[in-house]
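This is the structure, below, for whatever I ask next.
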Amino acid sequence: MPVLTYLWIIPLLPLLGAAANGIFGVRWPKNVISAVALSSTTLSFLLALEAVREFFTLSPNQIPWIRTYFTWISAGGFQADFALQVDQLTVIMLLVVTGVGWLIHIYSTGYMHDDPGFRRFFSYLNLFMFFMLVLILAANYLLMFVGWEGVGLCSYLLIGFFFLKQSATNAGNKAFWVNRIGDFGFLLGLFLIFRTFGSLDFSIVLPRAAGMTADPAGQIGTLTTIALLLFVGAVGKSAQLPLYVWLPDAMEGPTPVSALIHAATMVTAGVYMVVRSHAIFLNAPVAMQVVGVIGCATALFAATIGLVQTDIKKVLAYSTVSQLGYMFLACGVGAFGAGIFHLMTHAFFKGLLFLAAGSVIHAMGGEQDMRKMGGLRKKIPVTFWTMFMATLAIAGAPGFSGFFSKDEILNEAQRVSPVLWGLGVLTAGLTAFYMFRLLFLTFFGAERYDEHHVHVHESPKNMTIPLIVLAVLSVCGGWMAAPQLNGGVNHFQQFLAPVLATGAEPAAAAAEASGGGAEILQALFGAPVIAGLLGFFLAWWFYIKSPEAPKKLADSLSPLYKLFSGKYFIDELYQAAIVHPLVWISDKVLWHAVDERAIDGTVNGVAFVSRETGDRVRRATTGNIRSYATWIVLGVLVFTSLLLWMVD
Amino acid sequence: MITPQIAIFLVLAAVAVAGAVSLIVQRHPIHSALSLIVVMVALAGLYLLQGAEFVAAVQIIVYAGAIMVLFVFVIMLLNAGEEERSNVSRMARFVGAPLGVVFLVEVAYWIGRATSHLGSAPAETVSTRDLSTLLFREYVFPFELTSFLILIALLGALVLARREESN
Amino acid sequence: MFPPIQDLYRIAPEIVLCGFGMLVMLLAPVVSKARHGVLAGISLVGAALALVATYYPARYGGLAYSGLFRADAFSLFVHWIVCGAAFLVILGSIGYLKRDDLDAAEFCALILFATAGMGVMAGAHELLTAFIGLEMSSISSYILASYRRDAPRSNEAAMKYFLLGSFATAFFLYGIALSFGATGSTHLDLMMPLANDSAHTLLKIGLGFIFIGLAFKVAAAPFQLWTPDVYEGAPTPVTALLSTGPKAAAFALALRIMASVDAAAPLWFWALWVAAALSMFAGNLSAIVQTSVKRMLAYSSIAHAGYILVALTAAAATDHPEAGIAAALFYLVGYALVKMGAFLIVAQLGGPGERHVDIEDFTGLGRRQPAMAACLSLFLLSLLGLPITAGFLGKFYVFNAALESNLIWLAILLALNSVIGAYYYLRVIVVMYMRESSTEIVAEPVPWTLSAVLWIAAAGTVFAGLFPARIIDFAAKAALNIR
Amino acid sequence: MPAYLLSFLTFWPVVGTLALLLLRDDDHVWIRRLAMTVAVVEFVASLLLLRGFDLHAAGYQLEEFHNWIPQPPIHYHLGIDGLSLFLILLTTLLTPISILASWKSIDQRVKGFFICLLVLETGVIGVFVSLDLFLFFLFWEVMLIPMYFLIGIWGHGRRIYAALKFVLYTMFGSILMLVAILWLYRVTAVAGYPTFDVSQIQALLSNGTITLPVRTEYLLFGAFFLAFAIKVPLFPLHTWLPDAHTEAPTAGSVMLAGVLLKMGIYGMLRFCLPLFPDAARQFAPYIAVLAIIGIIYGALVAMVQVDLKRLVAYSSVSHLGFVVLGIFAFHPISIQGAVYQMLNHGISTGALFLCVGMLYDRRHTHLISEFGGLATPMPVLAALYLFSCFASAGLPMLNGFVGEFLILAGTFQKHADWASWAALGVIFSAVYLLWSYQRVFFGSLTQDKNGKLPDLDMRERGILFVMAALILWMGIGSPFFTRRTEAYTQNVLQLMQRPQAYNAGGSRTNGTSSTDLDHAPVTPPGLNAAAYAGVADPVKLK
Amino acid sequence: MVPTSYFLVLSAVLFGLGVIAFIFKRNILTIFMSSELMLNAVNLAFVSFSRLLGQLQGQVFVFFVIVVAAAEASVGLAIIILIHRNRGTLDVENVDSLKD
């Protein structure tokens, strides 16, 4: 098992690529740089494939496959090793990350070709691959946290890639800070895990957690606290309410970055982490409820904002937030496998959507406003068709990958709570609406751009080929998990079953249900599809049939429209309620009032008082010996009185 | 009961105190100096009253005679005028003088209280021989030192009072 | 019953000092003014010989002159301080005298006489002898203070010193009289209160007045007011002497009385406590706001008197005063070296007529005269009490003594005052090194004699700061031997 | 292993200054070279410590013991353990780095500068190797003076104010510590074992030969702690730090942040905990609160600074809050973390100061508003600065993370609430560092003169690469360090156990083995001699 | 016979008057005379104690005090002459250039 034994090679290759480009690449020509970057990811991808192949040869008791390479931290009874692990969950993530990552690298060589920061870009991107791989390969929470923070770093670097733009660097900072808030929770979760289980290794913590008695429903016990704290981390990383605010802004980064980091991989790390910790979550009913509710709420919330965005990437960003909400909804209802499944399909179609959007932007010479596009269908056909596939997938058109994953989630949700299910369906309809809105505005209708200045052209091969590959995956990516196509067997679930075994009851129940009441399921499948169709038709109505309708509707529903287009004014709220007060207090109160006035004022005051006292004291030295004599007599009186009256 | 000695004492004491007060209230230094001489003479009387004849003599000769003459001489030399009454140092006037009075009262009170029961000692005249024995035997060391003291004083007067040769 | 010959041995240093004083005095009219340097040299030899002559009292320890004088380790230690101070002052002022055209002969003779007086104080075992010694040093000091005859400030300093000195002397003397009345003796070891009711009160007042006289001499608050004026007005080498020798001698006398007179220590305890606290604060706080280095150093010497008084308080507070006495003695050594050096540097830098003694005049000294600045910095740091200087160890021993006697609060006050002190000492260093001078003051050449003194003082400061073992051992021995 | 390695390390820099004194004042080139040589030799020699260090020994190692002052008994006693080992290495490393960093920026009074730097090194190393309280205090104070000069002479704008403030603040604490040291000595003397020796005092305390009454222990702890807390500095005693840092030259800041602040932490670990465990436990909650306030407060105030160096200074307040918190959680993990975080802070904050210093060398200002868009002209500096920022912000795989994590994880085991509050600092550190970074390096150039700034030259790159390599190494290879501090951590916690715990009510143990100096009224002898005589014990004079 | 305490009280009173005079007077010469008055008071105390205790030392002390007073007088008057020469005044209120 060469690769499984030397598992570290997989993450190391991108790191080497990053280092090579970052440190030595200053004078290298672009093709060398891209060759270095690409070869490292390609190799990494190939090795990942080989690792997966080897993985399938392992006997079940060898799984999870854990390799410890060196001790990273060891102090006072605490130990964290640099240890990597492979199990079924990892395999899926590994394939998604290296695969999609590889495609996006290829795409980027075309997309970023003219950018002066070419070297920097690939260096960062490779670094990201490294951290992402560490995140998913980690065998303990701490190493996972390394990857977790590392991808946050790369996200920061890549969002702020165009550092001359104030908005880009602002967005980068925001991303990092909001993520840090999440990490704060994550860290506390880690501490509590360590306190509870005495270790941070998955192989120790998770079985023990599974073996513990669950916290009673409605109560917040240790496990629930752990779960909630971990979820705070996930909320930050996966852009859920209320910490989602950074993701839309993150679109300031180059589009491949949005595709890779802010759609396909990094943002799903939260989901991965929750699924990884499912043993803890399952024994924490309150936490599960919170996860489900937050996920569902985020899904709906972000979808409503997505309805009215005009920036093509912003639409996709909110869509991502919304879809991530779905994944958490899945986790919240115990359908961890479904969550991961949606994660995977989402990686395909959302990655594709972003890349396609990038292609559009590329074609439009940097224009991102959909209102200034239109009718591009003919000019960039490859982009159009691939994007169309992806749209169908995300909208849940039957047969496409998104259809299976979304329906599985809604199916599970329905079993837990009709409300969650209902909101999920509604979101599905909204999703279909805004995605087709995007498609129609971009590719159909009148050409609203200035043809003299914008020379629309199809993207080069290295950009279109990844699009096509991803389009294929978007279409077919869900088939293996479709019981309908595989004789009632959900291969995906089955594959993951060993990992999720501890919490497999809902999944097993689902499998049972799918075997038993196929009719009901069919009916349930119907609802999201109908909602999707409704969304599609509405979009068609508004943006193809009567293009003036949206304006009217917006006018008639003015408050709602403003709320949506103003993104519920959450950013403004945060700014006013948290950021400004914090800065004001820090500046005016803590620094100027406390530090300068109170503390330093006291210090300087002591000096001042000493000087003043000194000035008084020295005035006793009047230069006149008669007053000196007076002092002496005074002293004599005092001292003799002291002796005569006191000392006895 | 007032014995003659006590009467003499009272008279001399009154003279001494009067002289001292006069020292204070006189404005011209020469008057003050004369007041001081009065005090010294009265004190010499008191020494006699206690049988310290030799000391009384020295008091008159050296103190009243030599030292005070020096004072008077200097006063004349410098042509010192009357003292102004306005007190620049308010500290001395408003705090110092009252404090001085308090001090006087306190010390006099405590000493008086402490010694009131001691009674009186017999007035036996001290022989000058005994005195000189003590001075030149036991106290020969400080006595020799005083000679250096006087040497120093001489040197001081020489150094300080002489005019620069160039002037 | 003429005093035995050993008695002469026991006062050998005084004999040498007085002898050389007279010699110089006699030679002064004979030798032409231009060659008065020779007389200074002779005086130097005298001071050095006096130091050598301490061999005799060391050899023939014991009481002399029917118990009036005592040669023991304690007096030996103090003799070294005062004779050493005299030696260094004479050596250090040769250049000054020449520069300011002052007569060297009388100056040196007076220093020698004064030192003899201090020696008497150090060894006195009887109050009147001590008084005569005190007067010898005082009267010499009055003359020395006004040695710059034409300088009104010098006269004024002398006048103040003289008048207040005689005022305080009267108290001291009255104290002796009352103590005499209470105990029937002025021999320190015989001063037991007589068996009558009046003795206790009289002794209290008497010892109180003695304390006041001594407190005046050591410049302890509230009897310190004369100090800054006199130190500022007197010629700086004289200030150097005043702030070291007489102070050491007065402290020695106080220690001697405390150790020998049983009633003194408990009676003086609170007085010492209060005086120590007041002196530290009065000295340090006033020094903060000074603009003249010379005056600042004067105030600083009040503060240091306070520190030494802490050691005295510690000694007074316990039946085993050795630690306190030893601390005071050690402190005096370090203090004398440093203060002497600092004042002599000021004397040199002040230039003819001592015009440049303001802190501002020291601006940029670190560049103009690096060696002087370095020396002065070292001395200031020692005064401040930073390690590897004698000042630090001195303070260390004082703290130790204070804590041994459970004087926590006094120790804390001392600690606070060290910090206040740091402020103004460092201020001088600030101007020397950290500011660029605006007005250029012409650096005068440093006479080699002064350099020698500064080297000795600096080396001594560091040596005592690093290897105090011998000094503190001897101080401890002196402390044990005091009675 | 050379027998006098510690002495050599302590005094070699002073020997170097003597050699420097022989050079001409204006021979700047050779002065620099000589100083650098001395510092490098020192560093290489200090590496020998690693070879001679026994990982598992609980006590002190490489000890040197000589009599020095007989009365009171003061010994020249040196020794190291896991705590001091790396602090020494940090010092010997940062000194040549500082020298290199001052290579060009110091062109006035060059000789004095390097002399100060080397004397400072001696002082600091002396503090870390001294096992005698007196000796410790001596070096502790000696160190003040060169630092005072470094700030006061070669500093910027308000340097004199800053230098004075630094010294006075520090002296205020340390002089009280001196009183406490002597008090402790008195206690040992009364028990019949007069000593200033740390290990002896520890032994006396551990085997119960001397016990400190509760109140005495509190006061002693307070005096020691105050001195160290000022040095650290702990909120609210920190206000000297921003001034000192801002005005100090780069080398001064590096040494100040890198090692001088560590002396406070070192003191707490070396003295406060083992000598006064009960007081430490008693006051731990209050100290922890201060530390947490410091963490958050420092970060928030750093956030709104307009001066880059001040910002880094306040960040030190925040970071050292973590360290103090880790110590006073009394958990082996957190103490390990605290020890490690000290080193990390020395490196990463040192690196930040070096970067800021390089900016200063070019523009002669620290004001953030004067910069902006510097990433364009100076990409290398921008990259390395960012690297240092992230190290400081505690990004995993960089050094800061390991320390912070251990501190918080350890603290959390005992005091979840402390750790939770403290962890907020993790958020804010990212805020102030990245925000300031953005304003300095990102965006388009705001001022024309910034456009032509040269990027780092080879010397500067070398310095920062060394720092970056260390940051990375310490972030990944932490066991190299923690293995060596493990024994120390166990030891200090062991020493905090006393054989017989006396009741908390503070009843005075009878006999002469205990003295409660504070309770004893100050009474003159003779008058109340009976009550008095029992307490005081004569110094044993020869 | 006259009780000793009379003498002692008189001596205290004279000493106190000397103190008052010292503070009260403005002329340097008179101030100096005040201190001489104080010394005289002390002498009286010495003599009285000497008689009370039957010890001659007290009278010897008076002797020494007188000598010291003489020495002080010569030096003091020299200084006063200097002051007068340099400043033209004997009023202490005008001799206060050294202060603060």
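Note that the chains take the letters A, B, C, D and E in the order they are written out, and that residue 1 is the start of every chain.
Here is the rule we use: a contact is a pair of C-beta atoms (placed from the backbone, for glycine too) under 8 Å apart; a residue touches a chain by one contact, two chains touch by 3 or more.
Computed from a predicted model, the values in this text were never measured in an experiment.
Visitor: Strictly by the touch rule at the top, which chains does subunit A share as contacts with subunit D?
Guide: Intersection of subunit A and subunit D contact lists gives C.
Visitor: In the touch network of chains, how many steps separate subunit B from subunit D on the shortest route?
Guide: Minimum step count, subunit B to subunit D: 2.
Visitor: Determine the chain that sits nearest the middle of the structure, using the mean of its CA atoms as its centre.
Guide: D
Visitor: Could you tell me between which two chains the number of C-beta pairs in contact is largest?
Guide: Greatest number of C-beta pairs in contact occurs for B-E.
Visitor: Suppose each chain is reduced to the average of its Cα coordinates; what separation in Å results between subunit A and subunit C?
Guide: So the centroids are 78 Å from each other.
Visitor: Distance-wise, how many Å sit between the C-alpha centres of subunit D and subunit E, to the nearest whole number?
Guide: 62
Visitor: Rounded to the nearest whole Å, what is the centre-to-centre distance of subunit C and subunit E, using the mean of the C-alpha atoms as each centre?
Guide: 26
Visitor: Please tell me the distance, in whole Å, between the geometric centres of subunit A and subunit E computed from their C-alpha atoms.
Guide: Measuring from centre to centre gives 96 Å for this pair.
Visitor: Subunit A: which residues touch two or more other chains?
Guide: 607, 618, 621-627, 629-630, 633-634, 636, 640, 644, 647
Visitor: Residues of subunit D that touch two or more other chains: which are they?
Guide: 168, 524, 527
Visitor: Which positions in subunit C are in touch with at least two other chains?
Guide: In subunit C, residues 128, 132, 135, 139, 142-143, 146, 149-150, 159-160, 163, 167, 178, 201, 205, 228-229, 266, 269-270, 423 touch at least two other chains, as defined above.
Visitor: For this structure, enumerate the chain pairs that meet the touch criterion.
Guide: A-B, A-C, A-D, A-E, B-C, B-E, C-D, C-E
Visitor: What does subunit A use to touch subunit C in their complex?
Guide: Spelled out, the residues of subunit A in touch with subunit C are 607, 610-611, 613-615, 617-618, 620-621, 623, 625, 627-629, 631-632, 634-636, 638-640, 642-644, 646-647.
Visitor: Show me the residue ranges of subunit B that touch subunit C in the complex, using the header's touch definition.
Guide: 107, 110-111, 113-115, 117-118, 137-142, 145-146, 148-149, 151-153, 155-156, 158-160, 164
Visitor: Subunit B touches which residues of subunit A in the complex?
Guide: 622, 624, 626-627, 629-630, 633-634, 636-637, 640-641, 644
Visitor: Which residues of subunit C touch subunit D in their complex?
Guide: Its residues touching subunit D are 262, 265-266, 269-270, 273, 316-320, 322-323, 326, 381, 386-388, 392, 395-396, 399-400, 403-412, 415-416, 418-419, 422-423, 426-427, 429-430, 433-435, 467-469, 472-473, 476-477, 479-480.
Visitor: Per the contact definition, I'd like the list of subunit B residues that touch subunit A in the complex.
Guide: So the residues of subunit B in touch with subunit A come to 88-89, 91-92, 95-96, 99-100, 102-103, 106-107, 110.
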